[in-house]
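The structures considered in this document are given below.
In what comes next, subunit A is part of two complexes: it sits with subunit B in the first one and with subunit C in the second one.
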Partner chain A sequence: MAEPILKVRNLAVGYPTPAGMLQPVKGVSFDIDAREVVGLVGDAGSGKSTTALALLGLARAPGKIMGGSVKFDGRNLLTLPDEDIRAIRGRDIGIIVQNPRAALNPMLKVGRQIGNAYAAHNGGSASDARAQAIEMLRMVGINDPERRVDTFAHELSGGMAQRALIAMALSSRPRLLIADEPTSGLDVTIQAQFLDQMWQTVQMTGSAILLVTQELGVIANYCDRVLVLHEGRIVEDAPVRQFFAAPRHPYSQDVLRLYREKGSDYPAQVASGAPVLMQAKGLTKNFPIRHSSKVVHAVDQVALTIRKGEAVGLVGESGSGKTTVGRCLVRLVDPTDGTILFGGTDLSRLSNAAMRGYRSRVQIVFQDPFDSVNPRWTIAQILDEPLRLHSTDDAAARRKRAAEVLALVNLPEALLDRKPKGLGAGALQRINIARALILRPDFMVLDEPTSVLAPRARNALIALLARLQAELGISFLFISHDLTTVRFLCQRVAVMYLGQIVEEGSVEQVFSAPQHPYSRALLSAHLFPDPTHRRVDHPEAAALQGEIPSPIDLPKGCYLASRCGFANDACRSTPQVLTQQDGRAVRCHRVVAGEI
Partner chain B sequence: MSALPDIDALPALPPKRADWLFRIGLVIVITVTILAAIGPYIGPYDPMLTTVRVAQPPPSLVEIPGLLTSWFAGTLPYPPHFMGTDVSGYDIFSRVIAAPRTDLVIALTANFLSLAVGVFLGLIAGYFRNVATELLMRVSDVMQSFPVFISAMVLVTLAGRSTSNIVIALAFVYIPIYIRLTRAEVLSQKSRGFVEAARAMGNSEIAIALRHVLPNSLTPALIQSSVTIGFAILLTAGLSFVGAGVRPPTPEWGLMISTGANTIILGEWWPSVFPGIAISLTVFGFAVLGNALERRYEDG
Partner chain C sequence: MLLKYVLRRLSIGLVQLLGLTISVFFLIRLLPADPVSRLVGMNASKEAYAQAQAQLGLDRPVLTQLSIYLGFQPDVSPGLLQGSLGVSWVTGSQVTAEIASYLPVTLELVTLSFLFAFAVAVPVGMLSALRPGGRADKGVFLYSLFAGSQPEFWWGLLFVYVFFFKLGIAPAPLGRLSPMTTPPPPMTGFILIDTLLAGQPKKFFEAAHHLMLPVLNLTFVLSGPIIKMVRQNMLRALQSDFVLYANSIGLPRKVVARYALRAAMAPSMTLIGILYGFMLSGAVLVETVFSLGGIGQYAVRSVLAFDYPAIQGVVLIITAISLVVYLLLDLIHAAIDPRIAY
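Here is the complex of A and B:
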């Protein structure tokens, strides 16, 4: 067995705080072998990013590396003189940071940036650097690299900018690449593209990767080995299959519990005789553009039916209009056209004052738990507000009810007199859910409620939502780009693309046999946390080409035609209609005709 | 939730220098405030009464301990003039410490008037954006494009030279700052999740504006208050200096400098320099306090 390229022993990082020295990383030890892809997973605050930085001998001020050793190539990086370690950073160890789009300098040509990164460590003339830049761009799959090398970052599409960044990080063919949550905040299709490209490029350069992430899907699909960081220590170090099959540490078991218990069963369908609770027909929302007669077509003729006790998932990439649909249903946005029937009343026609009477029955939970509560209020005041507005109870009864809903979302009553500051994302999101539940609504919109949560908090929240649905019989519209969550929670699912629903059916129908080309692409790009079907082992043809068209000037025919591998002339010229077929609906004439 | 806080969220330790400035500012502001309450009664002389000793220079520093000793022993014929006397025979020290009663009270009242009006208009302008509020913003742009000193001078001259008119003029010229600050904060607060949540709960727009947006938008205006009070003191003094402020013989720093300026050419520097130092220190104190508060707010 070859010697590992990186040997970390007892690495510790400390931060001085008014309360004394805090150690986010306390004694971390692990190895990385040549050409190995190692995932580093853990909650927010577990010390992942701090560890990654410390490997380069860096600590964010006022932090300090307190001890341990990082042996790379037999040399301890922590005791090397500054010049020597600077030579290693970027040349032998490459870095890709969070938010890759912001990492390219908008003032320099792409080729110059890649060339500079190369020349800084390898010397050589300007023409060498340029040749190397072209070579790297070719390697990351950019067409016509001789021309692209002279473009600026803003001239590249998002996907190409990310490839350029990979090219920059790998231009010196580093032996180790540290990627710190490189895809956080990206859409699934782009995330998959980026990780595929990174993975393929390191196959050519022969680099090892330390991939820092919170996403189990990313770990399962790209990594060979998993390191679990919990409270500043590595609590598990296992090959990826073994980790998913038999996690040993209680924290890892906690993280994986949901996937392991639920197995591959789909949630049971709501009885078909269940009464319809919420029904949107022809829902349309256009946003006018300032100083222009054009409009943004955010939502286009959306129809949705949600039965009593049913959870309907609404999935799609950012910009597909799913959030606007959710907001229209609870009238936070006034639809341009269409009806929203809720128990026989058309909410879209109500005046603001009349709508206030329905606010106790339709509720919404937002994506960002920190932003959704008034920071100056105590939890008791936050939970009291809906009761104060809608109930006639006295203060004592209202406080009792607030304690009740806190218990319902598994939070201690003692929180009532605290303020939101200092609470974690998971706890705050439960408070948001408690506030939405306190008036016993019939219908709730959940707008990406789990997207900012760390894996464990996310699992707990999903379990909580499943329990609430079973116990209280509330209907949900669950808006999410996380297909794994939708698969666990929802009975039916609608897929949105550019403001339209392109496919709708039971979760089982859509997930096991997606019909619309867009649904297929979305599902194939999704990283399910299952290491036995790794994406890198079963390469799939790029399902969609190009970028999403602008929602201002929409194509005449099918909106997907420009990106779809199945498109023919009829697709490009005729608008597509949503066609019902055996309990599901699909917006594609070729699928309906049985051609694909 | 893990027991460890998110390391990214850990506050950086505030720099030492800022803390030091904050304390100096606080000491000056507290001293001036105390003087505004009791200044006119604790000086060795009545600030409104002249003495027979005209244009007497201040004692030199080495003489002061001896003067104090004999004063307390009761062997002096009259209390010492620590900062000398002016051409009319007023004791400058007694007047310098009595002046905050005039300056600070004018500045404080003016500031709180403009704070109240400015925050209210800023809330409306930020929360309800329409033709009327856009018009309000344009009017406030025009107001801000005049130098505050000129605007205040013109206003006082037009309305008449009384204390209440000075207060109103000062309040008026500072209103646009508060409108702008509050409006900017309201614009960012009103798009936050808790505002939308409040709407989803069935609050009326007015309730949302008053209960959720306003309390979360006050901080910048409150911090600005400290700076504005300092500058309002300077402006009060400035108005008296050009003869558009309070009437003599009210003890007031600007007025004292103005009186002293006539004789400075004869080498009598003390009637104007001591009130000048008092103004500088006070404005400095309020400004650094405001800066330190702002930094603390930005650091969270």
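Here is the complex of A and C:
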């Protein structure tokens, strides 16, 4: 076998803290072969990003590389003089990072930045650099590169900025590309497009990739080999199929448990006679635009029915109006039109005072667990607040109830007197759920509750929610762009696009045979953690073109027509209606007519 | 686009100036003061008092006074619309002419001090940000603490003591030129420019020599906050993701430093604008120490004498200059940072 291009031995990185040196990376060793795609997974805080940077001899201030070696081409990068290592960075090893818009210089045109990166390693004139920048932008799949080369970072969408970054990283055709969570924050459709593009580009340039990610779906679909980083050490190093089939380390087993246990089962449906708890009809929300008579059509005539004990998933790209629907249902946002029937009462017509009586019965959990709690309060105070407002219990009884709900979400009572500082995202999200549960609600909106969680915390949260649903009979509206989570948790699912529901049905119906072209694209772009059906092995055709239109000037006919491969003239001119059929609904006349 | 923005800003500025003029007009009249008896003395006869009052126009209703000041009754006396700020009640000369002779002194002093402070502060601030906690950084900390914690006139007196009295390298703090020298014919009011225009290089050097200490004094005091701010912004820029990324793709040190400096300069502009506006009237103590008759001294004199037209004139002019400076800095900021949209 050929010599690996990268050999890492006992790499350690430390951060000085008042309590002494903290070591997030404690001695990492691994190899990467030429042209190999290696995945690096691990929890938040396991040291993945720190490791990725340390491979280039860098550490985010005030961190320091404490020891070990990184051999590339037989040279130890950690002991090279500054000038030599700068020559290797970017030329032989390229890197792309999370949050591309922050990584791009906000004050320089992207073309200049790509040109600077190219010129730093290849020399040449300014016009060479510019030509190279255009060439690279075209290679990473950006339309109209001659125009984009003169844009600034803030003028690019997240996906576009990520491509600009990869154009910069690959401009000198490095032999190794380090991709640190390159798709975090991107929509699934864009994520798949981007990863496909990156994979193809790297195949063309013959580079190896180290792909750092929290998404098992990304690992399963793109990687040849998996490294598992846990508490600053590599605890597992296995080929991808072996990793999914027979994980060895307890941490890996934990991460994969959900997929291995649930396998191909879908959650059981609630009894057909179960009473309807929450029903929205014709729900519409427009947001006015300042200095303009136009409005943002955030939600358009949405109908949803949620039975007692049922979890309904609401999926779609960012900007499709999912969050607004959730907020309307609990009246955090007043709908422009429509009714919200909750146990026979129309919440949308209630005055704020009358609504207060219902606040204890409908609850919401937000996406960011850190922003949802007051960092200066103890957990006991956080949990106590709803009780103080809604119950007549004395302090002792309220504290007892707080301890009860903590137990319900599997957290120790000892947390009550601590503050949120120092708790992980997973634990904090449980506290948010406990706070929502403390008033014994009938209905909860969960707005992307798992999106900032690491895989293990995410799995645990899904298991917790399934248990709460079964034991307490609570109904959920589960808003998420993570289809894997929806698949394991929800009975029914509604797919939203540009404020409308385009398809609705049981999870099994929609996931096993999506009908609407948008649902098809969404599902085909979703990366299920299954290495036996790798996306790179059979390229998918159902991809959508372009980006989501503006919700201000909506198209006249079908909203998807401009991006849909099936669209004909009728689609472009006639508005589509949601049509019911065999217990599911779809908004596409061609599907209803059986044409596609 | 740019022209439209500048025009919009200028027209907003005009409205602000008008609002300010009107409110200052009424605010001064709320003072529990009687400018007439101040002029004629406490023991003046009723007739003399009434005559003085009529002369100042204070016998007219307040709204009529305002409309005269604004220039709607040019037949009585010229007002703002005619480009006149009125006549000083103390000296009897045009306020515009008086300001024209006092203002350049201050502008010259403050602008020069800012240029020097900036030239010193940017490299020092950068140096201190490059090695936080290093020797340069500690020196900067000590200096900002030291320079900022003492009033500027105290530093002025100290400088006079050391450089004039002890070392003898600075001239006596007795104005812009030595009392024996005839000043050049005033053309712009800026003495450095006027001496050159008059073709008197000797006097130019003399004026520069006289400006040396006051400028050093202000520079010394101003550099503290500017260094601190440059250091802060530079630190933030150096720790930003895009500088880390620039390092991680192997850009040369020089290019990375340029990225960071540009990011640090943009937000610094705002503070400089605020400081400049503040120093126009805030330099009065330094001007007093060095016997420079600047706008600050003129303002103090006018307030003490209840010279309403002069007070109003000073407020109006200083505000107008501040507005223009803010506009200029916003334009510079936008030129540095493309995210700023007009």
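Annotations for the structure displayed:
Heads up, the rule we're going with is that the second predicted complex is superposed on the first by the 543 of 596 C-alpha atoms of A that agree within 3 Å, B and C clash if a C-alpha of one lies under 4 Å from a C-alpha of the other, contacts with A are read in each partner's own complex, and residues count from 1 in each chain.
Criterion: contacts are C-beta pairs under 8 Å (C-beta built on N, C-alpha and C of every residue); 3 or more make two chains touch, one makes a residue touch a chain.
Source: prediction; values computed, not measured.
Looking at the shared chain after the overlay, A:T345 reaches neither subunit B nor subunit C.
Within the superposed three-chain model, A:Y15 lies in touch with subunit B and out of touch with subunit C [touch as defined at top]. Contacts of A:H154 after superposition: subunit C is touched, whereas subunit B is not reached. Of the two partner chains placed by the overlay, neither subunit B nor subunit C lies in contact with A:N122.
By the touch criterion defined above, A:G90 lies against subunit C but remains apart from subunit B after alignment on the C-alpha atoms of chain A.
Look at A:T378: by the touch rule set out above, it reaches neither subunit B nor subunit C.
Once the two structures are superposed, subunit B and subunit C can be ranked by residues of subunit A touched, with B on top. Contacts of A:S360 after superposition on the shared chain: subunit B is touched, whereas subunit C is not. Comparing which residues of subunit A touch subunit B with which touch subunit C, the overlap comprises 60-61. By the touch criterion stated above, subunit B contacts subunit A in their complex at residues 1-10, 12-13, 192-194, 196-204, 212, 215-216. Residues of subunit A touching subunit C in their complex: 53, 56, 58, 60-61, 82, 85-91, 94-95, 97, 99, 102-108, 116-117, 120-121, 152, 154, 165, 168-169. Contact residues of subunit A toward subunit B in the complex are 15-18, 22, 24, 43-47, 49-50, 60-63, 230-232, 330, 332, 356-357, 359-360, 363-364, 366-368, 371-376, 385-386, 389-390, 423-424, 426-427, 432, 435, 457. By the touch criterion stated above, subunit C contacts subunit A in their complex at residues 238-242, 244-253, 255, 259, 262-263, 266, 336-339.
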